[in-house]
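Below you'll find the structures, each written out as structure tokens.
Each of the next two complexes has chain A plus one other chain: chain B in the first, chain C in the second.
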Partner chain A sequence: MIRAALIGNPNVGKTEIFNRLTGLSQKVGNFPGVTVEKKAGMLVHRGREIEVVDLPGAYSLTAHAVDELVASDYIVLERPDVIVDIVDGINLERNLYLTLLLLEMDANLVVALNRWDMVAARGMEIDIEKLSELLGCPVVPTVAITGCGLEDLKDSIVDAAGQKRAKGQGAALNYGDDIEQLINKVEDVIKECTALNGRYPERWLAIKMLEGDERVMEQTRAILSSSQLADILSIIEAEEAAIK
Partner chain B sequence: MSEYAENLSSALAQRRYERIASIVDAAVKKGRGEIFTLTDMLDQVFLNKHLGIPIFLTVLWTMFQFAFAVSEPFVVIIEKIFEMLGAWSGQAISDPHLASFVSLGIFGGLGSVLVFIPPIFGLFLALSVLEDSGYMARAAFVMDRFMYRLGLHGRSFIPLMIGFGCNVPAIMATRSMDSEKDRMITMLINPLISCSARLPVYVLIAGALFGAAYAGTAIFAVYALGIVLAVATALIFRRTLFRGEPSPFVLELPPYAVPDASSSILHMWSRGRMFLKKAGTIIFGMTIIVWFLSTHPWEETSGGQVIAESYIAWIGHAIEPVFQPFGWDWMAAVALLFGLVAKEVVVGTYGVLLGAEEAGLGEALVSQELFTPLTGFAFMAFVLIYVPCVATIGAIAKETNSWRWPAFALVYQTALAFIVSGVIIAAGRLVGLS
Partner chain C sequence: MSILKRLDELVPGQGGRIASISPCGNLRRKLMEMGLVIGSELMVIRVAPAGDPVEVLLRGYSLALRKNEAKQLILEVDAA
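Showing the complex of A and B:
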């Protein structure tokens, strides 16, 4: 069975896509420990069973809002085989922020470029191949309200599940030498910690620590030794001043 | 968060935006630039300063009309089927215990609630269509200025609208509000928005007492009363418990879309399913209890024939004095008592208690002279306001992570129910109604 999760900014047509994909097979529950509603459903495509989980809508993945926390925890801890990021074609600038964060998490990403009809209606032209190449993941144009492109999306989910992404391939974003250097240093300390090995994507963890993400700090505090934690903090503090 | 994180995270975010800009630059051709789309045209009208609110009210009224008018024939059909099944099972089953249980408990009690599947689904369908078309977000936008003056946040509006369907998802929907004060106010006033569970009570009482010509108006009046009370309560809370200005409101307006039939129906189904589940569990369970209490002790009630001798009559008479000033009898008292669990049970209780009657439930209410139009309307108002149902209390407890707020909601609403119903009765008597 392929485990897929849908994610996207609020109001991009995520619910319509989820409904179209799973039809009447939906089960409603809660994400563990919180009251955020979790919807899951099944579909079969090309003989493969796909379980689809609908993650809460989110603009980013910080620890401030419950919804965003649930989404990021699910991706990091449950490790779904494929993440489908639903992107509003007419609001690419805003929507791609979440996409970049997902790539950073080493998520096995498929981008559904929704509202494709509106893109044409507004006289915009999006080069799908180029976009796919720049993001380093498949991009499928869809129109959720008519169901257009959903067969291609299912194909992409099955294909993506077949080829697990190599680790670190998600580094679509180079933050520039100064920050990259800092990320590498923190990553080195993290890699030394055997207890942490493989539990989280190292680069993502390093970036989260640089951002001072409360949730990540809390989760890693138990695993990293206090000297390692102190190392990381001192690296960050020493270099931080140089970055603007 | 320490200072380094503050600086670093903004540096990281900035680099991400730079990257996005370069991606968009390489992959997107802007074409003819901004064109005047159909969405823009519609927004010129729907978001118009003067037309916006009248249009919204018209849409709201149409939504209720649609939900009730379309469902009306189906309600009659289902009602007849349950009446026939009830009468038939009362005679066809030889074991008197079982016959009484099936005809009164199941077909009388549960049946009287299931009759309301059509209007409830109709209402959910109308809500789904409004949401899927993109109008709901406009309504929130239009109402924002008005709501702001009332000390409410524009974003409160969508949870309040969802509340017409069910208060539980409405309270969950307040999660999208980032100001804790705004969110608390919205949660606490939400139960005053009349959910679909209360609809069966209104339809039963208004249909019986006001006749076909005025029933619709009476029901609309109760809905309006709920809205007025919600607004007034919000104002009071804003001035006392949660002082301060509502936070600014940023809302993304999705483009309009023709709602797709299958997705709207699916939307309706996923909400309506909750009602069916509730009918099969809580409401059914409560009807069994009501049936048992109204037909036992079996000997004294001569096999459920003489309700006056049953446990439920005993309970009813014990709490009747509380409601006597409103002119309600012991049946109303027990109906309200069991309705604490879920408000549909008010109707279910009457279904069991009066189910033995030959005629329909509404006619039985009239022929037994249980209500006058005045006391009936006060009863509708009481059902609207008094304690939110168990599920709503649970939702408030979960979302506020405390038992203090649900307890507060319970107390203030019950007090408010007594006050409002009292005022209605007093005002009515003052102008000479009985």
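Showing the complex of A and C:
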């Protein structure tokens, strides 16, 4: 069975796509520990069973809002086979922020470029091949309200599940030399920790630790050895002192 | 010539480029996530009677801000 999760900014047509993909097979529950509704449904495509989970709409994936936290925990801890990022074609610039965050998490991503009809109606042009090349993941134009493009989207989900994305294949945001050096240093310490191995994407973890993300610090404190944690904290401290 | 103004001082139709975002921490992060980063251009579309909320057009979408959020944004405005 392929486990797929849908994510996207609020009001991009995410639920419409979810309904069209899963039809009447939905189950509604809650994500454990919080009262954020969890909707999951099944579909069969090309002989493969696909379980689709509809994640809460989010502009970003910080640990400050419960719905964003649910989405990021699901992606990082449950590691679904494919993440479908639903992007509003007429608000591409704003929506791609979330896309970049997902790529940073090493998510096996398929981008659904929704409201494709509106893109043409507004006289906009989007070079899908170029976008796909820049992001390093498939981009499928869709029109959720008519169901247009959804067969292609299902194809892309099955294809993406068959080929696990190689690490670092997607577009990584370059934070500039000084910060990149810092990310590498923290990443090196993380890579040495065998208990963490494979549980989190290393680069993402390094960035979150540099951001001082409380949630990530809490989750990793128990796993990293105290000397490794001390190493990371001293790297951060030294850099902060240098900036001041 | 351009002058610096707080977003809540602008009237509909006026706009400018974001020169600075005052708060730090979570509010700053949230504002930046919503597309309000230094250098981005925005225009005030309309303002509610008490100046709260303020609707702005930014990168092709509209965004409503509370007055206390609008106060935190300093814009470079062309002095006409």
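To be clear about the criterion, the second predicted complex is superposed on the first by the 237 of 244 C-alpha atoms of A that agree within 3 Å, B and C clash if a C-alpha of one lies under 4 Å from a C-alpha of the other, contacts with A are read in each partner's own complex, and residues count from 1 in each chain.
Quick note on the criterion: contacts are C-beta pairs under 8 Å (C-beta built on N, C-alpha and C of every residue); 3 or more make two chains touch, one makes a residue touch a chain.
Here the structure is a predicted model, which is why all the values come from computation and not from measurement.
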Should A:Ile236 be classified as contacting the first partner (chain B), the second (chain C), both, or neither?
first
Partner chain in contact with A:Glu93 - chain B first, chain C second, else both or neither:
both
Which partner does A:Leu134 reach: the first (chain B), the second (chain C), both, or neither?
first
Once chain A of both complexes is superposed, is A:Tyr59 in touch with chain B (first), chain C (second), both, or neither?
second
Which positions of chain A sit in both the chain B and the chain C interface?
90, 93, 97
Residue set of chain A touching chain B in the complex reads 10-11, 16, 19-20, 23-24, 26, 28, 35-37, 65-67, 90, 92-93, 96-97, 100-101, 115, 118, 121-127, 130-131, 134-135, 145-146, 172-176, 179, 207, 210-212, 214, 236-237, 240, 243-244
What part of chain B is in contact with chain A in the complex they form?
1-2, 4-9, 11-12, 15-17, 19-21, 23-24, 26-35, 37, 132, 137, 172, 175-176, 178, 252, 254-255, 257-260, 263, 266-267, 269-270, 398-399
Counting only contacts in the complex, chain A reaches chain C at residues 59-60, 62, 64, 90-91, 93-94, 97
What residues of chain C sit close enough to touch chain A in their complex?
26, 29-30, 33-35, 59-61
